[in-house]
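Labels for the chains are A, B, C, D, E and F, by order of writing; each one numbers its residues from 1.
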């Protein structure tokens, strides 16, 4: 990790989520879980011990569920009608991203590529999120 | 948020947490929840409606618990004996930080200053965390 | 409840939800929680005891969260691209319904009317759901 | 699904559960999870992929636990002493039904017949439940 | 606490619960939560601060739910038909005990006496439990 | 179990945990879960059925997580600075005990010896805990 990134990291990540609402939102929460899902898929491929694989699958299931949850929170709680007007692709993007963390995605698959597709979708959402924060 | 920060943000936050372990850790998870706790305390102070305040207290309780959980995970799962040797203050730091998210801290108090103290402790932890990642 | 309805009830409700997927889905799960939310709002209005009201608010928060969760599951896991093509209002419908169970809806309000609006939205979703099951 | 059933379904299912109490109860919640358990057992039998089977077992465990929980709620929160007097078999019925969703039942077995036995027990409970609602 | 009790304590408490089943059960789990419920009721009576009381109510709700859960587990998972034959009062005892931890008991009341009644019921269950372990 | 132990058991175990705080703490909660973990490891070794083993691994994961949680609660919520002064080994003891319930311990291993090591650490913590209660 480059020094610049490291210095900014602790300050750049304080955005999330609850439903008071506290007003703090951040796609980082979904991204972190998706990165975990990818790392699990890589470790699964590298380790044939059945006990390890059973653990990997159950943890991947939990982490994928967290990805879905964090994305749903952004879609329902953060994004408002004007955002959906400005970004008409947003509904489909969230629907596809959450599907990619479900049975047809990282829950049902142990392939690293599936996790990569999920990460790419979250990046797209994240990009839009930060654009809306700027304006 | 400055452009530089925004550009780095989506990329700089993918670090967390489960116990496969996936190897992904990030103090950002605790920090995000603590920022939420602070925002809740501010909204509590600004709104005297009893129904709102009851909600604020219950959500603050949940978010404080998440802070504790994310910090415990770092202390037990990420940090190893050599870290504790190099940073002898680390045990006390985590013990104080988690206490600051509990009954004697942000759970038991609605003061914004208590949340600020918690955030400062997490910053200290975060600084050490990133130092260990660099070496 | 009419006899006919009662007789059919036990047989007509087996539809839901997980992400194996088991293939069992049913808007009834969201509807049941929303009915609970409405009943809580009514009991809240009828009882000024602060301890009762604190309990009512925390349970309403949990039940509203369950409404959101059950709806998100339908939106992501049950509905597929052809459904969204045939029912272009579906994304907005789900987004509005889940918002109605959140901070701007039954979580943030103790009004019975808010719960009624949520129930009406779920009815709309339910109607479409059963149409798609028939075809 | 027959048309009549379908038409009634959305209206006939609003009954459940929390402990305010909201007064809304419905055996449908247990039934839905038990139907899911049965569907999982069927899919397990039809798919020998070890990763799929590991997922099926963990989801079956969760859904069986939900069956137990929903039944316990009915037994403790909905049914009152006069019901137990009128239906002296009720305690045994609930005890057997919850055991059928546990280690000696759908948690410990992947057989479809075990799930069928569980469903039959819930039907019996459901029948009594609706009788008590009518009187 | 007397010395004798203290010395035995760490060794005498290893009994619980899951549904593998591991075979480890212990009424202590329900008792611990019920003792917590009583302590919360006492602290509630002694502290009129509304923020403290809101916290007390929400934590009492959670701990009462845990009492119910631990008792349900004993009733369904530990006790078997021969126990119910030998102790015909067992069903009613568990039904009353779990009701005492619900809306009509420690969830719905802040009275210390209600918590005492709950504790007494759990003592009765505990006595029978240990008798069955001895035989 | 000896008669003396049995007689004392129901009375000697009421110590735990929440964060009101209720003031009720007890290492028994962690011990009970760790005993369960050991029993699971023994049953795993004795049963080669893959479906049973998948269940054993997922339940062992949950129970190990509960061990970690109960220990963290003691470390943060029960123990205070004077305790850490008097028992300078306490931080390391808790850190090692929670690691023994994680990926490098009972989560990642199915060996009975690993569970025994965890139990021994909890005994050490328990001994110190009861000393602090006496003074």
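Quick note on the criterion: contacts are C-beta pairs under 8 Å (C-beta built on N, C-alpha and C of every residue); 3 or more make two chains touch, one makes a residue touch a chain.
Since the model is a prediction, treat every value here as computed from it, not as a measurement.
Least step count on the touch graph, subunit B to subunit D: 2. Note: Cα superposition of subunit D onto subunit E, rotation of 180 degrees, nearest 5. Chain centres were defined as the mean of their Cα atoms; on that basis the chain farthest from subunit B turns out to be D.
Of all residue numbers that take part in the contact between subunit A and subunit D, under half occur on both sides, making this a different-residue interface. Distance from the subunit B centre to the subunit F centre is 25 Å, each centre being the mean of its Cα atoms.
With each centre defined as the average position of its C-alpha atoms, the distance from subunit C to subunit E rounds to 33 Å. Among the residues of subunit A, those in touch with two or more other chains are 19-20, 50, 54-55, 58-59, 61, 107. Viewed as a network of touching protein chains, the structure does not reduce to a path, ring, star or complete graph.
Contact between chains, per the stated criterion, is found for A-B, A-C, A-D, A-F, B-C, B-E, B-F, C-D, C-E, D-E, D-F, E-F. Residues of subunit C that touch subunit D in their complex: 1, 4-6, 8-20, 22-24, 26-29, 31-33, 35-36, 39-40, 43, 55-56, 59, 62-63, 123, 126-127, 130, 133-134. For subunit B in complex with subunit F, the residues that touch the partner chain are 19-21, 61, 65, 68, 72, 75-77, 84, 91-92, 95, 98-99, 102-103, 107.
By the touch criterion given at the top, residues 50-52, 54-55, 58-59 of subunit F touch subunit D in their complex.
Of all the residues in subunit F, the ones that touch subunit A in their complex are 50, 53-54, 57-58, 61, 107-108, 110.
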